[in-house]
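Each chain carries a letter (A, B, C and D) given by its place in the written order, and its residues are counted from 1.
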Amino acid sequence: MKKIGVLTSGGDCSGMNATIRSAVRTALRMNLTVTGFRKGFAGLIKGDTLPLDSRAVSGIMHRGGTFLQSARCPEFRTPEGQRTALDNLRRLGIEGLVVIGGDGSLNGALALHRHGFPVVGIPASIDNDIAFTDMAIGVDTALNNIIYAVDCIKDTASSHARAFVIEVMGRNSGYLASVSGIATGAECVIVPETECDLVQLCIQLRHRYQEGRDNAIIIVAEGAGEARTIADTIKDAIGFETRVTVLGHYQRGGAPSVFDRLLASRFGKRAVELLLEGMSGVMVGLSCHNLIATPIEEVVKTEKRPHEDMLQLAEMLGI
Amino acid sequence: MKKIGVLTSGGDCSGMNATIRSAVRTALRMNLTVTGFRKGFAGLIKGDTLPLDSRAVSGIMHRGGTFLQSARCPEFRTPEGQRTALDNLRRLGIEGLVVIGGDGSLNGALALHRHGFPVVGIPASIDNDIAFTDMAIGVDTALNNIIYAVDCIKDTASSHARAFVIEVMGRNSGYLASVSGIATGAECVIVPETECDLVQLCIQLRHRYQEGRDNAIIIVAEGAGEARTIADTIKDAIGFETRVTVLGHYQRGGAPSVFDRLLASRFGKRAVELLLEGMSGVMVGLSCHNLIATPIEEVVKTEKRPHEDMLQLAEMLGI
Amino acid sequence: MKKIGVLTSGGDCSGMNATIRSAVRTALRMNLTVTGFRKGFAGLIKGDTLPLDSRAVSGIMHRGGTFLQSARCPEFRTPEGQRTALDNLRRLGIEGLVVIGGDGSLNGALALHRHGFPVVGIPASIDNDIAFTDMAIGVDTALNNIIYAVDCIKDTASSHARAFVIEVMGRNSGYLASVSGIATGAECVIVPETECDLVQLCIQLRHRYQEGRDNAIIIVAEGAGEARTIADTIKDAIGFETRVTVLGHYQRGGAPSVFDRLLASRFGKRAVELLLEGMSGVMVGLSCHNLIATPIEEVVKTEKRPHEDMLQLAEMLGI
Amino acid sequence: MKKIGVLTSGGDCSGMNATIRSAVRTALRMNLTVTGFRKGFAGLIKGDTLPLDSRAVSGIMHRGGTFLQSARCPEFRTPEGQRTALDNLRRLGIEGLVVIGGDGSLNGALALHRHGFPVVGIPASIDNDIAFTDMAIGVDTALNNIIYAVDCIKDTASSHARAFVIEVMGRNSGYLASVSGIATGAECVIVPETECDLVQLCIQLRHRYQEGRDNAIIIVAEGAGEARTIADTIKDAIGFETRVTVLGHYQRGGAPSVFDRLLASRFGKRAVELLLEGMSGVMVGLSCHNLIATPIEEVVKTEKRPHEDMLQLAEMLGI
């Protein structure tokens, strides 16, 4: 193997740049040449490339987002799109590809693998909804962003005797909500994995309210219900003044945390090693402290188990 | 004068605690006793007090919000409410009051002054919409919170070739929007003080887009239009992918900036000095580097001039 | 068991407050009463206590340090000191104790256990030098503090064509140095676990310098040599302008990271459960995702293995 | 005027990049071409340039340091050095120069002006020791960096009953020390402008100590004495455990604050306007809210007055 490619795809997250950097540095050490593709699979189809040498990845470790950019690419789901991509890869002399991204990106990587092209995936998604890895890149930074904002909002909540309903990201996963709920001492966490009994919640909040605890933080995963509706229900039931905040895209960005930089460094290095070892169609993952490689086919059809211990802990420490 | 009172009222902001601390420390130095009222004017009516000695204000400088809490108090607008408040003040032996808050709070302070009770106001409001002071307490911290979030969102915007419409606070004032727009290099700022030509904006964004600049940040003051509508207009006109983020109450809290701690320290000290000098019905304000005192009557009927130079600068540095 | 005690001892770290909070909340849920001892084992000897109810631990999760305070206590190493402590514990009706701290604190806990008093330890030390737990409380926050400072210093290094030698904490452990080295893309990491070949380092830096890379970050663990000497050696060998920064106590404090808040919440809860299960003389630890309990006797005589994989990764990604 | 140059010189600070950006954007709007010189006056002598178009200054606003780099350049103090620089400027067709930096940089700018070359200076120095401007670029960010670190250290100080002596930057100016002392509630501030009575300080600290306030923060400006000596004196006099922390270069970097971004934007724009208006040998400055231009000759021979009000306020709010 003489030359490999790297791309980032799907929703961006903090740590993608550190992952690219590690893959490139590792490859250079092994005397490989590295080509970056811009805007994910779209760059593969258009042949939109940039050379990645040591300088190109210098000074990017601590920056959020991805300097290779990312984009959705419906065209890549078609046989024609994939053929064009493969033609480009071969024309450019690229013999292996590192794909950094979430669920959809892994499906894209799988398609290339099935066409016989060597590809290794790296899980990067703030939702932490990818199976066969304890953590995906970007999760820890997103969590730290969330608690910074919630700590700020608690200042306001406690100054005003208010309940705040705060919506965090996570699509169908309650991971961000439950962990940030524990980490901020939220009174309640509402996640898609568990039925939320709003009546019971209101009873508890009222009880708490009557005891003189006149503020509350309720964290809602975006897939678990409309924050506005929950806030109105609480207000109507208790007469508690409520406010809604949707944290939004702020959660994705910013300088990556130590954990994400370290994970990115390890994943990027391992992905290149796997390509050199002749592996393809696998995703790098973290299992305890070890790096594992799992067939992407396995990954994309497995649902990540909900984090029951987190939910229990949230409940124990909450109201 | 032997004993004074302190209260915070209206929307909380970062720096209120530092203001209380400075007022208390100054009063103690001058051998005064200090009583705090909880939840603003409501505490005045209910006689909900706590003694403020040196210990009570230790370790609070760097905390957001207000440990004296704040609340709206419609009852205080009635003659009965005001009479009860005055009775409580006299019963407690309090001879002067420091009121920390925004427009509404100053009106409350004015009412007490008209009843002959000595009161000095301190402007605290993230909106920076109070006349006769260059800056109110909380503005600088709110601005720094905003740019931290916008910097994060720019990571995402540039990774994805997207336009972000970001709504910031400010009620009827575009100050937060225009300054944070300059400070983050936003492509456009939409404020209530100026008519926004959305058609012209779309033309500029399209021009920029065609030149290859594929991401944009548009900052909208909350009083200047619906962020969602603006985003949809841009999307329809250019085909640019757009996202909306409403920064929300996160803007209010967090550890105060140096500027706010310094301003709080100066305002708190000056307010107590003014009471001791026999002044009443005035608000402390910053004029250049000097502290001034303006009759609250003057303050509440004067509209703060829009920050034309900021808007011009935003335009010059933007698109 | 009706009543338990909690104390923090040794060097403070971020997450201690969250640990106390979790232990107290868990105990209250199980209908236990909780007494806090001030200043570690000194408070045990002096009977310096405060009652810990739900309110006492409200609003402390996100604060650095420990509100129970910590102190060294040579007296506790004497039989008399220990007897006084045990007398106080019994007199107060306390039937079990949670000790939060590092190596020395665990030795103290062991002494009480050997006297037949039920005690459970929780590892808290930024050095991450305690065996039988993957991570101690405070490590992740310290690391994030470090990289924030190093990112700042890199701005200066790259603006000035300078090499910076940055000393981080860690006593005899190179963990903080090696992980922060990876996470900041440092050119070199010097740790006590490995012999550092300064001549070789200078050769590499000169090579790099001649290639036009005119700045460098060298991270030194405090136990691995004098930063000043290293800087002078580099300067003399290459003629490179060098600067030294000792990060100091700034590393210990600040709001804890998500990881530390979560770990603190889990450790605090588990420690109380272990006491109720009749365990004593054990330390809670993290092994992968699971909580384990190891006899403290075992813990204090075991040296934590150096993090070879981290050192390798640092080398791979560095110069 | 068709073409101007820009350089940064002296100690780097946060906001330099934002200043370059503003100067470049303003110049481009006025149809000027802009050339950047690398490493300050050294780049002028070597002709080490890079073209500065709109793209070159995109995405740099929020980054610390200076991407044009800075360096000391003794050669520029010689007539030969200056002649070479002037030859290069003329050869490159550059008709005016913006110099961003501190005292030394302004002296360099003055030399060019005296040779008849149009030059405008912009004050950038964290020390805030440049006359004829209320604030220099970088001061506000440095202050916010300092208080972040001091807040962290206070966690440790209050957990351990310790006095911390913290040395901050400032060369011969006590501005950073006195303002950060007020903003962090330090018990004492030691600055070069005022004689410090260590005996008196020790008496006050002991008094405080006996009252049960068992921790203290003393902030020392780097030009005001050896932190180690001060700490030892305190320890010997009171028996108080003391620690020393030198904040170091961490203070210089990091993302600029709102204030610095705004000031940078205004200064950069004004400097270009002044060149176009035919002015030379002047420095842009902030006087209240207005921008002023002062002959550099005046600036470099005037000592900035010490900030007496700050020192008084620090004393009032301190011990």
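By our rule, contacts are C-beta pairs under 8 Å (C-beta built on N, C-alpha and C of every residue); 3 or more make two chains touch, one makes a residue touch a chain.
Small disclaimer: the values here were computed from a predicted structure and weren't measured.
With contact taken as defined at the outset, there is no chain that touches chain A as well as chain B. For the pair chain B and chain D, the distance between C-alpha centroids works out to 28 Å. Rounded to whole angstrom units, the spacing between the C-alpha centres of chain A and chain D is 39.
Multi-chain contact residues of chain B, defined as those touching 2 or more other chains: 148, 151, 154, 158.
Every pair of chains meeting the contact definition is listed here: A-B, A-C, B-D, C-D.
Interface of chain D with chain C (complex): residues 8, 12, 14, 16, 39, 63-67, 69-71, 145, 148-149, 151-156, 158-161, 164, 243-254.
The part of chain B that touches chain D in the complex is made up of residues 21-22, 25-26, 29, 59, 61-62, 134, 140, 143-144, 146-148, 151, 154, 158, 179-180, 182-185, 255, 257-259, 261-262, 265-266, 269, 288-289, 313, 316-317.
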